[in-house]
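Here it is: the structure, laid out below.
A, B, C and D are the chain letters, set down in written order, and residue numbers restart from 1 in every chain.
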Amino acid sequence: MQKLDVAVLGATGAVGQRFIQLLENHPWFRVAEVVGSERSAGRRYGEAARWVLDGEAPASALDLPVKPLDAPLNSPLVFSALPKEAADIREIELAAEGHVVCTNASSNRMVEDVPLLLPEVNADHVGLIDIQRQQRGWSGALVANSNCTAMPVVMALAPLRQFGVSKVAIVSQQATSGAGYPGVAALDILDNVVPYVGGEEDKLETEPLRMLGAFDGGRVQWLPAIVSSSCNRVSVVDGHLVNVSVELEAKPSLEAVIEAWESFRGAEPVPSLPSAPAEPLHYFRQPDRPQIRRDRGYGKGMTTSIGRLRPCPILGYKFVALSHNTIRGAAGGSILNAELLAVQGFIPQFQPDAEAVR
Amino acid sequence: MQKLDVAVLGATGAVGQRFIQLLENHPWFRVAEVVGSERSAGRRYGEAARWVLDGEAPASALDLPVKPLDAPLNSPLVFSALPKEAADIREIELAAEGHVVCTNASSNRMVEDVPLLLPEVNADHVGLIDIQRQQRGWSGALVANSNCTAMPVVMALAPLRQFGVSKVAIVSQQATSGAGYPGVAALDILDNVVPYVGGEEDKLETEPLRMLGAFDGGRVQWLPAIVSSSCNRVSVVDGHLVNVSVELEAKPSLEAVIEAWESFRGAEPVPSLPSAPAEPLHYFRQPDRPQIRRDRGYGKGMTTSIGRLRPCPILGYKFVALSHNTIRGAAGGSILNAELLAVQGFIPQFQPDAEAVR
Amino acid sequence: MQKLDVAVLGATGAVGQRFIQLLENHPWFRVAEVVGSERSAGRRYGEAARWVLDGEAPASALDLPVKPLDAPLNSPLVFSALPKEAADIREIELAAEGHVVCTNASSNRMVEDVPLLLPEVNADHVGLIDIQRQQRGWSGALVANSNCTAMPVVMALAPLRQFGVSKVAIVSQQATSGAGYPGVAALDILDNVVPYVGGEEDKLETEPLRMLGAFDGGRVQWLPAIVSSSCNRVSVVDGHLVNVSVELEAKPSLEAVIEAWESFRGAEPVPSLPSAPAEPLHYFRQPDRPQIRRDRGYGKGMTTSIGRLRPCPILGYKFVALSHNTIRGAAGGSILNAELLAVQGFIPQFQPDAEAVR
Amino acid sequence: MQKLDVAVLGATGAVGQRFIQLLENHPWFRVAEVVGSERSAGRRYGEAARWVLDGEAPASALDLPVKPLDAPLNSPLVFSALPKEAADIREIELAAEGHVVCTNASSNRMVEDVPLLLPEVNADHVGLIDIQRQQRGWSGALVANSNCTAMPVVMALAPLRQFGVSKVAIVSQQATSGAGYPGVAALDILDNVVPYVGGEEDKLETEPLRMLGAFDGGRVQWLPAIVSSSCNRVSVVDGHLVNVSVELEAKPSLEAVIEAWESFRGAEPVPSLPSAPAEPLHYFRQPDRPQIRRDRGYGKGMTTSIGRLRPCPILGYKFVALSHNTIRGAAGGSILNAELLAVQGFIPQFQPDAEAVR
């Protein structure tokens, strides 16, 4: 099987680097084009990108020339780690030109014909692509993935929809990498907690409802629940942890909730996609887990860890959930989305072999 | 005015050291006796105490001999930083013998005739001392201060009682010093958040209701509210921050809530006590304050900082509060309690001059 | 005594803020003018400066209008926290116009007629001001203070000059605040050490020799020693610690070295200046001190802490030294310089009262 | 090929856990026995060991019964992570009984007939085992690996022996995991550097000389160099970084030194051992590398990273080196030692297949 050429927009930033890292040796995709800022354009990737992830940049990417944002692209599949302003225009141009664009930007997440995709949770939302193409006359597509803090919330709530999720209270503790690079200043976070992350609470109170909603063939019906969120920045490198309280109308037992989490798998073909973790959710029975540093890497950063389920005197249930914010919550999530699009035939001229789906 | 001799129990531990530090140059009290573990007894304080606070131990304490736990004490006033097990027996013996014991231990906080005292909030709870003395035949007294994480919650809720506090949801982010010394291992907290603090959630769901309750002359009627709490340990030295959502039955405006905080002062003589801060509460109008490192020292660590009041879609109101856990939330709070007891004549043979009360 | 109006250049940055903080309630000086970047100019200081120090900005500064860099200034005394490029031109213009400029910038530190002043160490270098005025035709003056990492080295070596300092090997561990704000990215320093601080090693290998040199009436004769330095950035907020090995030709005993440190005081009037610490140097006898967090605040951040003197098998002596980098190593050091200039009559029309010098 | 049963002493501690983790899926060895403290003995490993490494304990180890320290062992190969006191007696008993003991303890590192083994550097020191067996009448053997801070120094200096190493000055910055678990208290290291690690400087000034020495068939002739060291504890999880200055008598060019590092490989069979990294040394050309967090994982934690070679005005050359202290510097190093012993026939009744040596 020949690998599909992909482009990465915003490739020199922190999330862009994570794309480059995770796509190294990907079984289906190979990075053929990297797009950067004006400052970077024209230089080799290895020179333009100040590598901020642990370890070194993959050797295969070092010599790629960084293209400017407006350069025409040849790759059918485009991953975008662009900042919001740049994303607004360019992603839509590329989708209109026939590219399938998987984006991390928040710009289009809540637009009605753009799937806010999380394969284990709402794979059927890809149906919006047909509507999107029809309405906009596109041959390409634009697909978004969720905010990195919404990710552990949505993953943990997905299996609980059966119990009737009506109220959700979230308090987050978010890693510094969530703000990109350079992002958070050391002086702002050493020996500190900042109880504020600009714009984040609004996203947390809306995106999950759309992601957990039902696609009725025409549009996504939001989950009819109320969400309250409070966001904090803490002194960790990677990993977003949320303290969640939830009201479940069916009043299941605690064991029934844990059982729902432990048995949760997306529908086929999702569990067979190359980047899908063996366990989308892992429930820890120890009293003090999950912990950010110790558990963010679970399932190569693609598993959401949950723990401490116990009664909440106000909403009924409370627990802790954790996702790796730049893997599951950003680049890794976007790649999983693209894998789903690929097997479902949304990427023109590309179909993974049946046996390539593990 | 001659200073009153005081003893510090558990003087070599982290909270004990904070007592020693805060009592240095106290206008009314002077540390005359220090009590330590068996290992420390018989040594000079300067040798026995591995000083863990920033800076150096006060010179005046270095030469005090460390007494064993069962040594008879001469000081009328005793501050206790004993661990729970040691506190259980010894504090009661000392109170029975005529000492006024101000304790940080959790052992007796919820005992019906022991005031869980926070001067700005419930100064009238000292009335329980008369009942305590009568019931137990003591000439001394035992007075507790609150759990260090309950502190910012109670301080912030006290002025809101007028609006009818019915539900309170708390998520804490607690400093490592809350676990004493050596306490939290570096390997457990560097680049990490631990979403668990043993025993803390129970305390947070009960102590505030007793502290905020009304003393009816015979007992404290708990505030009839429901509290849910989730506790996290974060990578900071000092300072406990809480994200709080609260239901207020009177549905006041946000400005009315802020006004309640900003105008809050305890009743006289509390604001005139030597350790009382000029502002018991300080409300920050900046969007990203209070922050643990930057604001824990407000009012010499005795002010509770509040910020980010905004609507909560579930409970109506949410905000952030912060207290210094080893000053206001431990040693400093205990000293303020003792100052109140002193001016109200509860310490035998000691009465600060009228003008000494600033 | 009427206070002298002073201006602070670069007032909105991290070191600028430290000037504002330390000058609050200064007995001789009051901040009358603040100068900021183009972006800040025209706004109130309280709005323009995102306060990054712990606590809040002094109330007295909040309403000062921020002036642009090229605005004419009225204040006879000017403190500069400008970045190098801006400093190059403006500081010289102001000195030429008659202002006494005390600068933190590195631009002019090694210029032959500019004193690189550290009052306890080389107060006589102020003699260069006469030469400077004569050569340049200035009525004002330009005086520099040292690099923040050079500070603890120079302070510790000053009393050892009597023993013949011939070789000095330095390895630093520097706080993030040394890079200003935003400065070091959290992602670059959490759970990390970066063994590189751009440009710092060159400064460390030259500035100390000029500061420790002798003023012969015409120029400063550098201390004829060889210095090797290696600089590291570590995950702390404030405080630069250096591991130093030194060759002393007179081969004094360890006790003689400690005695030299403990008895070290600058010559009068330095010890009587308002910002001079009671102990310029403090030697710790404990085996594990000084420590950055615990000891950076010694002497209100103006004392250099030293510890661990022991034999070095290669150079003879080794020890550890620590200074607060934004107090003693920047703003506080600059203010102390200005106090010395004031009492010695270098500030036109301003002479502190004899009794004001404590 | 059947795997060899191995025992791990001190298996529940931090280094013991690293042994368990690294031996999971080892091609030659399988953990058959775990030995713990009295408190742990009799419990399942999964219960007795509070797992402190990132991720979870290997499933295969969870059900192993923890044996007491004095239990007879069946495994021919024994890895020891015992604390010094326990190691002193028990390791010698086991070696006498016929076990091959690879130890991390410092007790016997400097004993004349005990190899202080680092395969790429001094594989021929295994010749001491014959002498050890002859002198002591043992059928087993005792082999030590180096102090975790000495490791990067020795690795970096080994290829420079050809240039005549005469003086070495080391300043370390050491991770908290070097002190075991619980080890360093969070309160001692958050926002701090502690310029003291008990006992470490002595080890650093002697062990490298023995490791870099020549085995003459009878004993190890120490490298005739002078070492000075200063040790610091910093706020990182794993990874020890050293700033090294070195005098090389042959005065090679900087490029010749880099070339010596880059071409360095141990002699066969060392590079073919399962745990040997592809590059024992990696030289970084970037100005700010290696960094502890970003580079400690290089070569799965078995590569020593070097950077910043530049002239030292005092000793001639200076550079930075970094090793993962609990992998290369402890458990991983010990396992590599055992692999060497295995292929060289020192483990009774066990010989890896020729083709098993990759």
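Just so we're on the same page, contacts are C-beta pairs under 8 Å (C-beta built on N, C-alpha and C of every residue); 3 or more make two chains touch, one makes a residue touch a chain.
Since the model is a prediction, treat every value here as computed from it, not as a measurement.
J.: Kindly list the shared contact partners of chain A and chain B, in label order.
T.: C, D
J.: If you tally the C-beta contacts for A-C and for B-C, which one comes out higher?
T.: A-C
J.: Could you state the distance in Å from the CA-based centre of chain B to that of chain C?
T.: The separation of the two C-alpha centroids amounts to 40 Å.
J.: Distance-wise, how many Å sit between the C-alpha centres of chain C and chain D, to the nearest whole number?
T.: Taking the mean C-alpha position of each chain, the two centres sit 43 Å apart.
J.: Distance between chain A and chain C based on Cα centroids, please, to the nearest Å.
T.: About 48 Å, centre to centre.
J.: If you look at chain D, which of its residues touch at least two other chains?
T.: Each of 190-191, 235-237, 293-294 in chain D touches at least two other chains.
J.: Looking at the complex, which residues from chain C come into contact with chain A?
T.: 14, 52, 176-177, 181-191, 235-237
J.: Mind listing the chain B positions that touch chain A in their complex?
T.: These residues of chain B touch chain A: 167, 169, 171, 173, 190-196, 198, 205, 226-228, 230, 232, 234-237, 241, 243, 245, 287-288, 290-294, 307-308, 312-315, 318, 320.
J.: Quick one: which bits of chain C touch chain B in the complex? Just the residue numbers, please.
T.: By the definition above, chain C touches chain B via 53-55, 190-191, 237, 293-295, 297-298.
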